[in-house]
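Before I ask anything, let me first share the structure, which is written out below as C-alpha cells.
So that you can tell them apart, the chains are marked A, B, C and D in the order they are listed, and the count of residues begins at 1 in each.
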C-alpha cells in the first residue's frame, strides 16, 4: 500500500516539477510547484515525520509559494507567455542533466548503504527539545543564527522594497510598501 | 521507513528533482521561474537529509533538523529575492532575464 | 651599521628625502648628494676590501646574516667578493653620471630621481645579496621602475617600449622564480635544512636530474636581462625610447645583472647542469654576438646602433661565461665592467647630441667635430675603446675572452669562437661608419653651426665615465687580480 | 552555558550587540540627525575591532557546533580590520547617498549581520552551522548589492547575486546530504574520523566544492562576478571581493585540510585543473575590461586562482601562505577599491580611460592605487610579492613545478593589465583629467591604513612567522 502511494507521489512530483520548469504560463508554473511541494510533504508523512510535513505545508505551500504568487501577480501580466530559451540550449542542457543524473544514479546504486531497520517515531516534543538544547546534539545555536538570518533578510527586504520616490513619473508604482512588510513578517513568524 | 521502498528509490527521486531544478535554472529566462527552479533544488536536498536520517541513521535527528533549517533559509531567501524582483520590476517593467542584461559578460 | 647595508640604506634615505623636496633644483641637489655619497662608499669599499682580503680568505667578505622569514629559512644575507665590489663601483659611477646627465630634467623631476634611485637600490641590493630570495627581490625592484622611467620621460613609442621591456623582463623573472624554487627545494640534498643561501647551497651537491631541469630555467631567467638572442628584442626598443640617464643605467648596469646572476647562481650552484646545457646557450649567445653586430650595421638611429652593439657585447659576456674556464670568466667580468662604462658613456654622448640637434639619425648629422668638439672627441675615443684598442678597457676584456675560448679545443667551440671573433670586425665597420658619417665631413644643417657649448655638468659626467675606461685599460692588473682571486672558489666548485 | 562559552563567542556576541544597538539607535536618533549613525557605527565597530585583539582560548561549545582557536580568531580580526577599513572608505558615500534616503542604519545592520555570518561560518563545527553561516553571510549582501534602489543596474546585481548564490548553496547542500549519507554525521570531527574515499563521497565532495567555488568565484563558476561587482555600489563590490572571498577561502582551507583531508588525492587534482583555469580565464577577461569595477572583478578571480596554489599543498606551509596571502589581498584590494570609490564619489567616473593623467592632479590617490596594484601584481617590495612568492613556494614544495610555472606566467600577464591602469594614471595625459580634490578624513584614514598595511605586511616578517605558528594545527 505504502509502496503504491510512494510511487504515485513520486510520479506526481516529477511530473509537476517538469511541468513547472517548462510551463510557459507563469502562474501555472507556480501552481505546479505547489503540487510538487505538497508531494514532498506527502513523502514526509509516509516516513512518519509529521511535524516536518506540517512545516513543509505551512512554510512552503503556505508561505513561500504564496509569496511567489504575490510577486507573479504584482509583476506579471497573466496572459503573457514567457519567452523560452533557444531550442539548442534546452536540448544541450537537458542532455547534460540526463548525463549528470546517470552519473549520480550509477554512483548511488553502486554504493552499499547499511539500512538500519527501525520503526521509531519522532514526536514534535523531541524536535522542540532538540532545537532548544545546548548540550551536545542540541540545536540552539543554529536556531539563534537563523533568527538573525531572518531578521537580516526581513530588514533587507523592507529596505529594498520600501517605496522610494520614483524618478520617472510615467511608470506606475507597483505594490505598496505595506504588503511587503507583512510578507516579510510572515516569513519570520513561520519560524 | 516506507514499506517496500528502498533508499535507492527515494534517492533516485530526489536526484531527478535536483536535475529538473538545475535544468530549469539554466534554461529558464524568467527571474521568478529561476526562483522556482531553485526551490526544487533545495527541496531535493531537504528530502535527502530526511530520508537518509530515517533510513540510515535513525538514532539522532541531525538530518531532520537540517531540513527544517533549509526550509527556513529558503523562506528568507525567497522573501529577499521577491523584494528585489519587485523593485527591479518597478524600474524596467519586466522580469525577463534578457531585459536585465544591460551588463555584458 | 655594516658597510654593505649602507648601499641599500643610503639610496632609500635619499628617496625619502627626495619625497620632501620641491622643484628641480632641490631634487637634483639631493640626488647628486646621495649619489656622491654612494660613490664615496664604493671607493671606500674597494680599499676596505683589499684590507679585509689580506686577512680573510673566505669566498665572501663583510658577510652579515639576519634571519628574515624563519620558517622558510630566508635570510637577509649579504657579502661581497672582488667581482661584486667591482660591479658596485661601476653602479655608483654610472648612477652619479646619470644624475649629472639628467641635470635639466624638466618634467616631474622629483619622481624621475626617485625612480632612478629605486632602480639603483635594486641593483646595489642585487650585487650584495648572497641569499636567493633577497636577490630575486632586488632584481624585481630594479626592473619595475624602468616602466615609469621609460613611460613617463621617454620618447618615441615609449608606451610600447616600456610595456614590452617590463613584461619581457618580468616574464623572465617568472621563469627564474621557478628555477630558484627548484634550487631551494633541492638544497637539502645532503640532509641539511632547506636554504636560500648561495654559499650554503654551493656546498651541497644538487642531484643531477634537478640540475638538468633547473639550469636552463635559471640561466634563461637571467639571460633575458642580459639580452640573450632571441630574447633581446626588448633591449633596442627600450633603449631607444628611454631618456638618456635611463639608457645609461640600463645598458651600463641593469643588464649586467643578467651576466652576474648567471655566473653567481646558474653556474655556481648548478655546474653539472651548465656542462650539460652549455652547447645550446653557446649557440644562442654566439648568434647574439654576430646578430647584434650586423643589426647595428644596418641601423641609422644612434641609440639603436648602440643598443644592438650592447646586445653583441653582452652576448660575448655570456659566451665567455659558458666557456667554463678561468680566463674566459675573467674576460666576461672585465667585459661586463668595461662595457658598462663604455655604453653608459656612449648613451650619454648620444643624449647630448640629441639634445642639441634633435635628431639621432646619423644620415642627418655631419661635421659635428667642428661644432661640438668636446663631445665629438669623446665619442671618437670611446669608439676606439669599443673596438678593443689596446690601452682601453675593452682590449683587456676581449683578449681574455678569446684566450679563454681557445682553451676549449673541441670543434664546436672553435667554430663558435671564430664566429664570435669575426663580430669584432663588424663592430669596427659600424663604428667607423658612424664616426665617419656623423663627425667628419661638412655640416649638413646650417642650424648646427651654433649649437650650445658643452656645460659643466655634462663635462663632469663624461670625465667621470672616462676615468675607469682608461684606468682599466692602463692598469688592468689590480682589477684582474681582484677578480681572479674571487674566481678561485668558483673554479673549484665548477670544474 | 557558562561564562567561559560567552568569552569564546565574544566576537559574535559583541557584534550582535552592536547590531541591536544600531536598531535601537535608529528608533531614537531624530530624523534630522541621521547622519550621526555613521559615526556611531564606525565608533562601535572600531571598539569591536580593538577588543578582538584580546586573546582567546582554544575550545568548542554547543556540543562542537561552534569551535574557535587562535587561527580562527586571528582571521576574524583580519576580517574586522578589513571591514573597518571598508567602512572608513565608504563612510562618505553612506553619508551622501544612503543616509539621505534614510537607509543608513539598515546598511550597517545588513553589513554587520553578513559579517556575523562569516564569523559563524569560519567557526563552524558542523555542516549545519557552516551552511547557516554561509547563508547569513550571503543574503544580506544580496540586499546590499541591490541597495541603490533607484538604479536598475544595482537591482540586477542583487538579483543575479542572490540567485547564483542560492543555486550554489543548493548544489552544496545536495553534496552535504550525500556526505551525511556516507558518514552518518554532520559534525566535522565525527565526519573526519569515518570519512573514506569512495565514489559516493567523491561525488558528494565535488558537489560541495562546487558550491564553495561559486562563492570564491572560481572558473567555471565565476560568471556572476563581474556583473554583480559592476552593478553593486562600490563598497559592496569591495566587500564581496575582499571580505566575502577571504572568508570563503579560509573556510574552504579549513575544511580541505581537516575534514576532507582523506580525500586529498581527489581534491588536489580538481584544484590543479581549476587553479589553471581560474588564473588563465580571469586574466584573459581582465585584459579586455574598460570599467574599473569589472576590471577588479576579473583581477580578483585571477587572484583566487593564485590562492589555490597554497591550498593544493595541503600542508601547514600551504595553510600559512594562504592565510598570509588573503591578509595581504584584503589590504591590496581595499586600496584599489578605495581609490575607485573616492574617485567615483567625487566625479562619477569609473572607466580606466578616465584615470588618464590622474597622477598630475591627484598624486596621493595615484600612489595608493599604484601600491595596491603592485601588491596585487606581486611586485616587491610591497606585500603582494611576499604573498605570491610564498604561495608559489608552497605549491613547489609538493613538486608542482609545472603549476608554479603556469602561475608565474599568469602573474606576468596580470602585471600587464595592472600596468595598463598605472600607465593611464602616470604616463597618459588627458585634456579633461579628474580635477584635484581632497578627500574627507574617513576616506583618507581608510586609504592610509591600506597603504601602510601594504608596505609593512610583507617586510615585517614576524607576522608571517606568527601565522605559521598558528597554522601548526594543520601540522
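Assume a contact is a pair of C-beta atoms (placed from the backbone, for glycine too) under 8 Å apart; a residue touches a chain by one contact, two chains touch by 3 or more.
Just so you know, these numbers come straight off a predicted model, no measurement behind them.
When every chain is reduced to the mean of its CA atoms, the largest separation from chain C belongs to A. Inter-chain centre distance (chain A to chain D, centres taken as mean C-alpha positions): 30 Å.
If you average the CA atoms of chain B and of chain C, the two centres end up 65 Å from each other. Centres computed as Cα averages put chain A at a distance of 6 Å from chain B.
Look at where the CA atoms of chain A average out and do the same for chain C: the two points lie 70 Å apart.
For chain B, the set of residues that touch two or more other chains comprises 18, 21-22, 35, 56-57, 65, 69, 73, 76-77, 80, 83-85, 87, 91.
Shared interface positions of chain A, defined as residues touching 2 or more other chains, are 104, 108, 113, 137, 139, 142, 146, 149, 153, 156-158, 160, 166. In chain C, no residue touches two or more other chains.
All chain pairs that count as touching, in label order, are A-B, A-D, B-D, C-D. Here chain D touches chain A in the complex through residues 1, 16, 19, 62-66, 101, 103, 106, 109-110, 113-114, 116-117, 120, 128-129, 132-133, 135-136, 139-140, 142-144, 146-147, 149-150, 155, 158, 181-182, 198-200, 203, going by the rule given at the top. Those residues of chain B lying in contact with chain D across their complex are 18, 21-22, 25, 31, 34-35, 38, 41-42, 44-45, 48-49, 52-53, 56-57, 62-63, 65-66, 69-70, 73, 76-77, 80-81, 83-85, 87-88, 91-92, 100-103, 105.
Against chain B, the residues of chain D that register as touching in their complex are 127-128, 131-132, 135, 139, 142-143, 146, 149-150, 152-153, 155-156, 158-160, 162-163, 166-167, 170-171, 173-174, 176-178, 180-181, 184-186, 223, 226-227, 230-231. On chain A, the positions that touch chain D within their shared complex are 103-104, 107-108, 110-111, 113, 134-142, 145-146, 148-149, 151-153, 155-160, 162, 164, 166-167. On the side of chain B, the complex with chain A involves touching residues 1-13, 15-24, 26-30, 32-33, 35-37, 39-40, 43, 46-47, 50-51, 54-61, 64-65, 67-69, 71-80, 82-87, 89-91, 93, 95-96, 98.
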